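Next up is a structure, given as structure tokens.
For reference, chains read A, B and C in written order, and residue numbers begin at 1 within each chain.
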Amino acid sequence: MAQTSVDIEHKTDHIQHHFVDSDQQFESSKLGMWIFLVTEILFFGGLFAAYIVYRAWYPELYLEASTELNAFWGTVNTAVLIGSSLTVAMAIRSAQLNQIKGLIYNLYITIGLAIIFMVIKFFEYAEKLEKGIAPGAYYTYDGLEHEKANIFFSIYYMMTGLHGLHVVIGIGLMVWLVIKAKKKVFHSGYYTPVEITGLYWHLVDVIWIFLFPLLYLID
Amino acid sequence: MATSEAKPTNKIQVRRYKPEEYPEKHYLNEETGIWAWMTTVDHKKIGLMYLASLAFFFFVGGMLALVLRTELLTPARSFMDADVYNQIFTLHGAIMVFFFLVPSVPAALGNFILPLQLGCKDVAFPRVNLASFYIYVIGAVFTLIAILTGGVDTGWTFYTPYSATTGGNVMMMTLGIFILGFSSILTGVNFITTIHKLRAPGMTWNKLPLNMWALYATSIIQVLATPVLAITLLLLTMERVLSIGIFDPALGGDPVLYQHFFWFYSHPAVYIMIVPGFGVISEVISTFSRKIIFGYWAIAISSLAIAFIGFLVWGHHMFTAGQSSLANMVFSFLTFLVGIPTGIKIFNWVATMYRGSIDMKTPMLYAQIFLFQFMIGGFTGIMLGALAVDIHLHDTYYVVAHFHYVMMGGMVMAFLAGLHYWWPKMFGKMYSEKWAKFSAIIIFIGFNMTFLPQFVMGSQGMPRRYFNYIDQFQSFHQFSTIGSYIIGIGFFIMFGYLLYSFFRGEKAAANPWGSRALEWQVSSPPPLHNFEHTPVIINGPYDYHKPMSEFQLGIASKHNGHHAGEKVDISTTVKDKA
Amino acid sequence: MNRFSDFMLPPAKSTTAETTDALFHFINVTSLIFLVGITIAIIFFSWKYRRRSDEDVTPVISHNNKLEITWSVIPLILVMIVFGWGFTGYMNLITIPDDAYEVRVVAKSWLWEFHYETGFVSVNELHVPANRPVKLVMSSDDVIHSFFVPDYRVKMDVLPNRYTSLWFEVTEPGESIVYCAEYCGTAHSNMLATVFAHTQEDFDTWLETAGSADDDMDPVELGEQLVTRNACDTCHSTDGTRLQGPTFQGLWGSEREMEDGEIVVVDENYVRESILEPNARITKGYQPVMPSYAGTLNDRQIDAIIEYLKTLQ
């Protein structure tokens, strides 16, 4: 346990053969992740475009239909996700400081918050499906007058569903990080997976921060 | 500025590393066995696995094309039903576009050549690279399932509402291509990162081979456009599974929105297919003219310009789809702008040949065929960009001929140029120059016979995707069909001599073409980790006026942490290793 | 030029065709000059500068900014001319004259319906007056189609959820072929129609008598005509061949198994239902793709078709 900082600086077993040194590997991974995040933004960008097009055509539809969404639970979920972004940042900080215990605790909290987010989402979905607010052709709810209400909810389910899928993937990644951290893989000289998972998690958070006002807070 | 000058320059000792001729140990015979290949993270082996898959898909797609052409010998039914015909042209398009053209140069040739040209040991994320190959395979399996369970008859564009309502297994097919998109995205991420971070010492941006510029531009398009296709196909899949109604007018959706989404990817995708071809052509023309490339920056920047403007022209596929006249005007205008950088490239290539020392080897022959056919493809593109004329020509055989001239006459020729150019490097074997030239000429003749008549048919009004046609067009169709058989013969010959070369070919020297490019300064085939040393670059890749010894430098000491593309200052005189 | 034009393009029969053709030829000729010039340069260089020995030394010509600018600006000017020309032509194509004669077009898989001001509906036959602008207001009942008349150089997609329109003015009476240019499924390539351009008088006469000529025809003969006129024979053969729909030969009075297993005898009621609500009961092994003819065929016409079917044993 009593590793000196000198020992850590000289650990090199994490460097893959084709990199010159640790810095190059770290910088490459980070750049790669950033580019991947750009593709993620464009991926969601398609849905945002669909959202914008339909909103431009039927502005009243959005006003009307968003009243069915529960802004209170939306706000709670936003707070939960922002909190998890904070804990993931703290996890990275712990890794940088070589505090492996702190890293693991912070990851646990993040996973916990992500699960809370998904549970709330589950109840939101369940409540809507019960009323008959299902996507597209399965839409049977008659509380809304607008004839295209089904399309609003199609967009809603696609956007939040895809975002939820990203949250689930994030949970998976963080469980994997915890396992690795327990095996003492990470130290202040090597914490690339923690850093890039953190980047990914921030993106998931940012997308929600856009989704929340666009869907829940139209009024 | 002052601060950077104050810093001590980074002096390194270099010496010459001559490539070993006819090496005994190389990447092909180290780590052999099926399992080692299946789990390899070596970019060269992954490149070859892509190459084998591509050859398979090209064969399948090509056979489908011959079946289509055979059916079109007579105006009415010849030997298959309309439904079968519709499925076959859909498959021909989808397989050729998504499984052959998009990954052809980037994933197969690019994977093989990119680290070698950059002077690094592998791509930045070798495991991701392997993963993207398997994602490609999974995508292919999904498509295969779609074909076996009902087929798809939507055309490769999957236009709604037809694709939302027709029978067959459209869902599997779109899912397959959705998955395939991630393969493309990951390759793009990998290439961009590698080009940014893993260049050899001394390889500054102005010494980057043009092939790397082209792959860089391609990767940017892949990374930015493919996610939009992915989401579009996901929405289409959901349209079929859950009837979400975003594109289906029967549920209140809008089918033209789908076309916008689809072409937002698929037009840049055309550049994903053709821009890497430009890179190959730059390499080949310079090497076989043994002359410095003319207008390095013009060619490099025009690739990026094409990549950028290419994102803004998707609407020219919808001139007749009822979009506003303002939108049509803007898209038409931008379409013409994208023609300019393409023209610049052609002029620069021809200028490179001026006063060169031109060796008409097979790759050069393919490059010239490329120039000729791609010009026709480009000029007919101008025709289709002109609004009034496009109204007449849209969705006719003219369009079919145009994109076959660009894609097959251009891109496939560039791919073949690259394949013949790098074949000795890949397998360490030479092929028969005589047979290679012969088959190139056969393919050239067959190709033009097939597609020139289609320009006439299209101008005369023959719509595309027609199972039956009016008698007036029969002689054109028959001529075209005969041409397609000739192409088939050409490829058959190619398959024969390449197979012979693979097993019995004469051994290739490390640098059979006398090229200055970095990939030719390692042995053929290259060692498992590309370079035993860290290469150092002091000249541009096309500096044929400098001695070969200056292109074979490497860091003298074992290892001393250098970063990508950093400027180097050589402190000692170059010592010959021998 | 004329011969070349006849070879490349169909006869120009509308007032707007001329501009399109002129631009088409301009681009062809300009492109050909460039293509031939550059190709000659490539061949000439390949021969003149062929490799003589392995020791050949080539000059260092890395770039030339004047040349780069020249070969950027000249093509730029040319394509801007093409753009302007194409755009002007396009504006003429979409600016519909106010006095245009209007016909309503409905596309269904796989036939064209033309509705005239009198309420008369013709299938796969469009009759228009020559020397007068004609406006088509189009929509689709199912998937996307595209209305294309090569002789007039006009094309417009026909969409299911909105109206699109196009116009043309035919220069002289005659016939021209109409294609569906947007892929729409099995019988896409059979979705053809014919435009008949008449002089104004002939057109007026035709419009007055259209439909009424049927009144004194023998029902069987009328039924046979209706089957052709309404494009039933695109999908239903009369000689036993299997097309998209069941053949008419031997249909009458036979027993059919439906998709849901029900056995149906083909009688007056079933035929009538199949014409007006085609997808209510589908014969086993076929797709529910037939469009409804409700509003297109009246009772007398349906009776005539039934009489005709009875003769096809």
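One rule holds in what follows: a residue touches a chain if its C-beta (ideal position, glycine included) is under 8 Å from a C-beta of that chain, and two chains touch if they have at least 3 such contacts.
Worth saying up front: this structure is predicted, and the values here are computed from it rather than measured.
When every chain is represented by the mean of its C-alpha atoms, the one lying closest to the mean of all protein C-alpha atoms is B. Ranked by distance of CA centroids from chain A, the top chain is C.
Averaging C-alpha coordinates per chain places the centre of chain A 34 Å away from that of chain B.
Inter-chain centre distance (chain A to chain C, centres taken as mean C-alpha positions): 50 Å. Shown for chain B are the residues that touch two or more other chains, namely 253-254. The set of chain A residues touching two or more other chains is empty. Interface residues of chain C facing chain B in the complex, by the touch rule stated above, are 7-10, 16, 19-20, 23-24, 27-28, 31, 34-35, 38-39, 41-42, 45-46, 49-52, 54, 56-64, 67-68, 71-72, 75-76, 79-80, 82-83, 85-94, 142-144, 146, 148, 150-151, 153-157, 159-162, 164, 177, 179-190, 244, 287.
Across the interface of their complex, chain C is touched by residues 82-83, 86, 153, 155, 159, 161-162, 165-167, 249-250, 253-256, 289-298, 320-322, 325, 328-329, 332-333, 336-337, 339-340, 343-344, 346-348, 350-351, 353-360, 368, 371-372, 375-376, 379-380, 382-383, 385-392, 394-396, 456, 459-461, 463-470, 514, 544-545 of chain B.
Contact residues on chain B toward chain A in their complex (touch as defined above): 115, 120-126, 128, 185, 188-190, 192-194, 196-198, 223-228, 230-232, 234-235, 238-239, 242-246, 251-254, 257, 261, 529, 534, 559, 561-564. Those residues of chain A lying in contact with chain B across their complex are 16-21, 23-24, 27-29, 31-32, 35-36, 38-40, 42-47, 49-50, 53-54, 135-138, 147-148, 150-151, 154-155, 157-158, 162.
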